[in-house]
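Down below are the structures I want you to see.
Presented sequentially are two complexes of subunit A, the first with subunit B as partner and the second with subunit C.
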Partner chain A sequence: MTYVEYKQLNPFQKFAYKFKTFFKNLPRAVGRFFKGIGKAIVKFFVAIARGFKNYGTTFVKGDWATKLSYIIFGVGDLHKGKIYKGLIFFAAEVLYILYMIFFGWQYISKFGTLGTVATTYVKKGISKVPVYGDNSMLILLYSVLTIVITIAVFAMYIANIKDAYKHQVMRENGKKPTSMIYDMREFLDGKYHITLLSFPVLMICVFNILPLIFMILIAFTNYDKAHMPPANLFTWVGFDNFAALFDIVNTPKKAHTFLSLTGWTLLWAVLATFTNYILGMIVALMINKKGIKLKALWRTLFVITIAVPQFVSLLLMNQMLATDGAVNVLLTEISHLFGNTTQIEIDFLGKSEVLARTTIVIVNCWVGIPYTILSMSGILMNIPADLYESATIDGASPFKTFTAITLPYMIFVTTPQLITSFVGNINNFNVIYLLSKGGPSTEEFYQAGKTDILVTWLFTLSMTSQDYGLAAAIGILVFIVCATISLIIYNNSKSMKDEEAFS
Partner chain B sequence: MKKILAILLAAMMTATAFAGCGEGGSGSGSGSGSGDNSGSDTSSSDSTADDDSADALVDETGYWVDPSAFGEENNITLKVWAPDKAVSLVKEQIDAFQKHYSDITFKSIDVVAQGEGDAATQLLNDPETAADVFSFASDQLNKLVNAGVISEVAFLNTVSGANDPKTVEAGTVDGALYAYPETNDNGYYLVYDNTVVTADQAKTLEGVLEACKAAGKKFIFDCGNGYYSCTFAFTAGVEIDGLETVGDEQKQKFTDYDPDKAVETLMAFSALMKQYKGTWTSLDVAKIASGFTTATLGAGVDGSWNTVPDQEALGDKFGAAKLPTINVNGEDKQLKSMFGYKYIGVNGSSKFPNAAQILALYLAGEECQTQRAANLGWGPSNLKSQQDKAVTDSAVLKAIQEQSANACAQVNIADTFWSPMGNLGTKLFADDTDPTDKAYFTKLLEETIKNIRDEA
Partner chain C sequence: MIKSYKFRRGLANGVIYFILGLMGIIWVCPFAYLLMHSFRAEATVGVPYLIPKQWTFQNYIDLFMSSGNASINFPRWFLNTLLVAAVSCVISTISVLAVSYTFSRLRFGARKKLMNIAMILGMFPGFMTMIAIYYLLKAMGLNQNLIALMICYSSGAGMGFQISKGFFDTIPRALDEAATIDGATKNRIFWSIILPMSKPIIVYTVLTSFIGPWCDFILAKIIMGDARELYTVAIGLQSMISAEFINDYYKQFLAGAVLVAVPITLLFLKMQKYYVAGVTAGGVKG
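Let's look at the complex of A and B:
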């Protein structure tokens, strides 16, 4: 279709055309995505190969001190007069060896089995006390720590070799290595970013990355209530936990629960995101319309709902929607006006699947729309007024200005926000758990109710049934879903492809 | 200026690294607010020779021991976990304990408030820093024994002789007694307004409902909570019978039952709910006291821990009884409930295991139980304390004692028990359930049991 043809279509046809092209392009976009991953992997291996090559050639070209650096850290630097750096490298090696002897080795050596020594009980005085054997959890945790430390030391090892060779070359060219003071000054100037970021990066590794690796590994173990440390051991089970979620033949109930909940999770995320987005946009447009009086008042009124903490609103809503709650009392009172004598007791959250899901989506609007209004108002005020002026001069209708100026502008600016709120809704624990606790209950699901999403199910599995392995597997799957969707949408969005538009 | 800004940004990045470090939520699970397991399948009679040596050191009171039992322990430091309400009383009791054993040096005995409902969870988090002696509800026993963090009771014969056999049986796992019984009162019973329901009417469920309906009042029984709704299954003959090991998993075992009769009982319950629709309401037990206050409630099935607010709400009109009977095809069946106990346990990683055992023996002994019955209204498990005036005079404790004879012990219960049971109750109560549809109830019961046993 040519540009002219496209321009002659009516808005619905245009929409249909765009819709069609999106799906036509989708396979190509997905393909591009995986091709990108493939390229990255190739690059990675090429880099490793180059590393090995350099490792070899440096050894051949190096003098005796550089060669000795391959076994003893820092010798090359010490020999070339870069004393402080050589000492740091040497100290790292010594500390690492001490760490492995006194701490790391006892755990990492059992990493393959996660422990084999069982707990026994002995008599001590009048009481019988347990003598604990291996603790699988500590073995797993400290093994991860040891692996991370080993990788760090390996990086230091490579740096030590490179440094040794660099200084050897400098000496051969008749230059002297820089002094310690000079290097320190460098850290406040040319390498200032390293000074600043090393501490945060270290903290992120310790507090975010390490636990993350630990949790991911748990998904491949049978850590559950029957294998609770310290008295019991758990061990590797490969992909059994993932298999349980997909195996319709052997674990039909878990698989059915997982697949149904995944469906509802995605439906929920779409509904929650777009109801908030569209309704919030409409309210923001109404407030920002020319001629509306007391704009500040209306905006403030909506912002006040943000001032009440979200969980408080949700718990209150939960009470109000109970069979004897405020909503039912109100409905009863109203129905009395029309001659009804019985009490109305609608169980909004506990009985019908459709009613409970609808109620949750509506309540979510209550807590979510004010945020959309806030950001939308800001964006609306930012649209250059001259665009509207020219549109008016050209005789465009208000609807036309909306579809041609306002909407494209807003979607352009808010696509990244839409993605984050979509992912946020996939993991929207608060709304579901505080409102319905996953109910209405059902005998069709394993430890889940009709409104449970994957994260609330994960919570029940880990907190109530202590199925840590299964819960970790679900966590990984949720991550994969979120990451895939976010990457594909973001890479196809206008904000990504055409950053310069509207600026 | 730019550098200062950069420093600030870096500091913020560090701060976000800690964002996930908060204390994890301490979910209490879907069951009750109280504990859940009491061992039921083994008796505690057989004792080994070396257990006798510890029992021989106990004097005639049943809670003081010969100081030689401390062994070589001296300069003792202990930590005790007790529920918030009991902390001050436990402190007094510990003072008496230290006074009695004046030959032994106690560096310190700390009492820390810790709810019995999640004592096990807290203990499992880090046994090394947890309390040496702790109170917990019977449902957690299985968890503690599985994880091997609780020590066996050293004074086996003394403790099993002095306490209600049911509490001892419930504290026994695989033939070994793991905990000192502390109370025998963790259950629910019928509370009623005696101007609405007469003592005679309170004997049958039909009577209670009829009386409430006639007076235009409600009857509260929480059908959606597995802790209460398991009554339907138990009354139907589907009773829990400990755990069994299948493969490497522990599964809930049930007694043999006649599926036909069980389904009929469930249908009878459902039919009653339909017949008294509007009277029988399924609400949280927290609504019972407020219902009595506003005089909209005629009766309810409430937990022993809510006795004080119920009594305050009703005043002279307060009535208490064991759970009523239900008529199934002309036969009156007694409602069977879930009944738990509280225990005192000794941490397996205690640095002073002997002192901890001796303290636990004292805290769970006659003197302390009688004091708690008088001051806190806790129903004692000690046989002598049960004869105390504070206990025999209490209508509530009497109702609870009677109900405990018609109950399944809250021990050795799988974690997967509660929510399917809650669902069973919800489905019996649901408006769109047809109480005459036998096939539906048969399937519901089957699915519920399958879910509890994780056989899917």
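Let's look at the complex of A and C:
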């Protein structure tokens, strides 16, 4: 279809066309995605190979001090008169060696087995006293810590060699190394990014990346109730936890739970995202319509829901939806008007699967629509006024300006938000957990209820039944789903964006 | 002809007012219910009518007189949360602003890579790492300690840079360039040019990071375990409607929820325009 033909279509045909091309291009997008990953891996290895080459050539070209830097950190810098930097490098090496001797080695050496000495019990009088053997959990935790530290020290080692060679070249060219004060000043200007990023990055490394590596590794162990340190050891089991989630023959209950919950998670994410998006957009358009008064009042009414902490409003909703809660009371009083005399006691969240799921989606609208209204209102006010002016001059009807300007603009601007809220809903823990705790409970599922989504199941598995290995495996799978969806759509919408008129 | 047009527009507006009014009632009613029943004198848990029959301040008084009680100590919880929120808010704000300025204005080799890493890290479910964080803090001797909470709430802040980066991107680069020509360092530009122009986004960051600790209860619960005197209001209130306490403390729970919601709501309504500015600054960029 040519551009002109496309422009002649009506909005619905345009939408249908885009819908069709999206799915037609999907295989190609997926292909591009995996090709991109492949390319990145190749690039990574090429970079490593180049690093090895530099490592060799620098050694050949280096003088004695540079060569000695390959074993003792900082010698090159000290020799060339860059004292403070040389001392820092040297101190790093000494500290690292001390760390490994007194702490790191005893853990990292057992990393392959996660400990072999089991806890034994010695009789002391009447009671048995445990003599603790290896603690698999601590071995794994400190091994990860040691690996991260080793990588950091290795980076320092490479930096030390580069710096030594740099100063050697500088000396050969008759230049002097820069002074410490000059370098410090440089950290406020040319190297300011290092100053600003070091603290946040350190925090993220210790409290986000380190735990994440730890949990990813846990997914490949049999860490559960029966293998609980310090009394028991756990060990590597390869892909057993992942297999348990897909193997319908050997572990039917777990696999059935996983597959059903995945289906509901995706359905939930689609429903929650689009109900919020569409209804929120409609309300935002109503509030911002010309001629509607008290705009601030309407907006404030909805904004209160955002302002009240989510756990308060959700716990409140949970209480109100109970069999003797406010909603049933209200329904009873309404039914009294129609001559009913009995008490209505609908169990919104505890009994029927369909009712509980519907209730959660509706309550989620109540929680989520105000966010959409708020951001949409901002965007609506941002639409350039001259677009409307020229449309009016050209004789466009209000309906036409809506379909030709407002709607495309909003959809264009909010696509990234739509993706983030979709991924956010896959991980939407609060709404499910605070409203229904995953119920109605069922015997069909392994440690899960009918409204549990994958992340709440993950939570129950690690908190209640202590299946840490299985929980970590689910976490990794959720990550893979989220990452794939957002990367594919992101890449697609970027290429689409270039054709749009509003960028 | 004109008359019928006016009539049609009036009718449309009437329908819109009706829908908005109805929705407004639906949206506000639960909170009205919360407020009314926090002043209820009679009965303990649920009542089969909507408007309380007797009104009293007793629930609020009980809540604050509970400081001698070992398991329900609302004043202490409130102070805990205030302390944690204040400290983690300062650390988070500094981290977020530093990271977003770096990614928005400074150009260096690893920039794109670091941004991608932050995006990928954000896609892991947050609850996955909780167990590991718990053991890590335990190994550091920080479990059942308020410092642990401050660290947890502020450690990941650096990854939430997108919105304020979007805002910084809208500040014209010509300003930076002019300052550079006049001899200003990057540090100077950050403090004297970018920050003074970024009031909306600073307020937004402060607000969101201050509210965070009031609302989270999963992480806090895992770290605090059974140390009830160190609870924050969120876990404290949640524990008040657990099966163990709900019969005695339901009305106090409602009162406590009001006391948490009111200051945050007022703060939020006051700062609303900054919040909108923050959300749209991040959104419009795409």
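Just so we're on the same page, the second predicted complex is superposed on the first by the 485 of 503 C-alpha atoms of A that agree within 3 Å, B and C clash if a C-alpha of one lies under 4 Å from a C-alpha of the other, contacts with A are read in each partner's own complex, and residues count from 1 in each chain.
Keep in mind that, in the parts below, contacts are C-beta pairs under 8 Å (C-beta built on N, C-alpha and C of every residue); 3 or more make two chains touch, one makes a residue touch a chain.
Fair warning: this is a prediction, and the values are worked out from it, not measured in the lab.
Q: After the subunit A overlay, clash or fit between subunit B and subunit C?
A: Result for subunit B and subunit C: clash.
Q: Once the shared chain is lined up, is A:G339 touching subunit B (first), subunit C (second), both, or neither of them?
A: Neither partner.
Q: Taking the superposition on A as described, I'd like to know which of subunit B and subunit C A:G238 touches: first, second, both or neither.
A: A:G238 contacts neither subunit B nor subunit C.
Q: Output check: A:G395 vs subunit B and subunit C. Expected answer is one of first, second, both, neither. What do you get?
A: neither
Q: Touch check for A:K225: first (subunit B), second (subunit C), both, or neither?
A: After superposition on chain A, A:K225 lies in contact with subunit B alone.
Q: Would you sort A:L330 into first (subunit B), second (subunit C), both or neither based on which partner it touches?
A: Only subunit C; A:L330 stays clear of subunit B.
Q: Quick one: subunit B or subunit C, who's touching more of subunit A?
A: Residues of subunit A touched, subunit B against subunit C: more for C.
Q: Counting only touches as set out at the top, which of subunit B and subunit C does A:G174 meet: first, second, both, neither?
A: A:G174 sits against neither subunit B nor subunit C.
Q: Touching A:N208, do we find subunit B (first), subunit C (second), both, or neither?
A: A:N208: touches subunit B and subunit C.
Q: Mind working out whether A:Y192 is in touch with subunit B, subunit C, both or neither, as first, second, both or neither?
A: both
Q: Tell me which partner A:S127 touches in the superposition: subunit B (first), subunit C (second), both or neither.
A: first
Q: Among the options 4-12, 112-120 or 184-192, identify the stretch of subunit C whose C-alpha atoms clash with subunit B after superposing on A.
A: Superposition on chain A puts subunit B right on top of 184-192.
Q: Which subunit A residues contact subunit B in one complex and subunit C in the other?
A: The overlap between the subunit B and subunit C interfaces on subunit A comprises residues 192, 196-197, 199-200, 203-204, 206-208, 211, 322, 324, 343, 459, 463.
Q: Any idea which subunit B residues touch subunit A in the complex?
A: 3, 6-7, 9-11, 13-14, 17-18, 20-21, 25, 27, 29-30, 50, 53-54, 57, 69-73, 124, 127, 143, 146-149, 151-152, 154-155, 224, 248-250, 278, 281-283, 287, 346, 348-350, 353-354, 356-357, 415-416, 418-420, 422-424, 426-427, 430-431, 444, 447-448, 450-451, 454, 456
Q: Which bits of subunit A are touching subunit C when the two form their complex?
A: Subunit A residues touching subunit C: 137-138, 141-142, 185, 188-190, 192-193, 195-197, 199-201, 203-204, 206-212, 214-215, 218, 283, 286-287, 289, 291-292, 298, 300-313, 315-317, 319-320, 322, 324-326, 329-330, 332-333, 343, 366, 370, 374-375, 377-379, 382, 412-417, 423, 427, 429, 454-455, 458-459, 462-463, 468, 471-472, 475-476, 478-479, 482-483, 486, 497.
Q: Taking the complex as given, what residues does subunit C use to touch subunit A?
A: 9, 13, 16-17, 19-20, 23-24, 26-28, 30-31, 33-34, 45-50, 94-95, 98-99, 101-102, 106, 108, 111, 114, 120-121, 123-133, 135-136, 139, 151-152, 154-159, 185-188, 190, 211, 214-215, 217-218, 222, 234, 237-238, 241, 257, 260-261, 264-265, 267-269, 272, 275-277, 279-280, 283-284, 286
Q: Could you pull out which subunit A residues touch subunit B in their complex?
A: 119, 121, 123-130, 132, 192, 196-197, 199-200, 203-204, 206-208, 211, 222, 225-232, 251-254, 322-324, 342-343, 345, 350-351, 439-444, 446-447, 449, 459-460, 463-466
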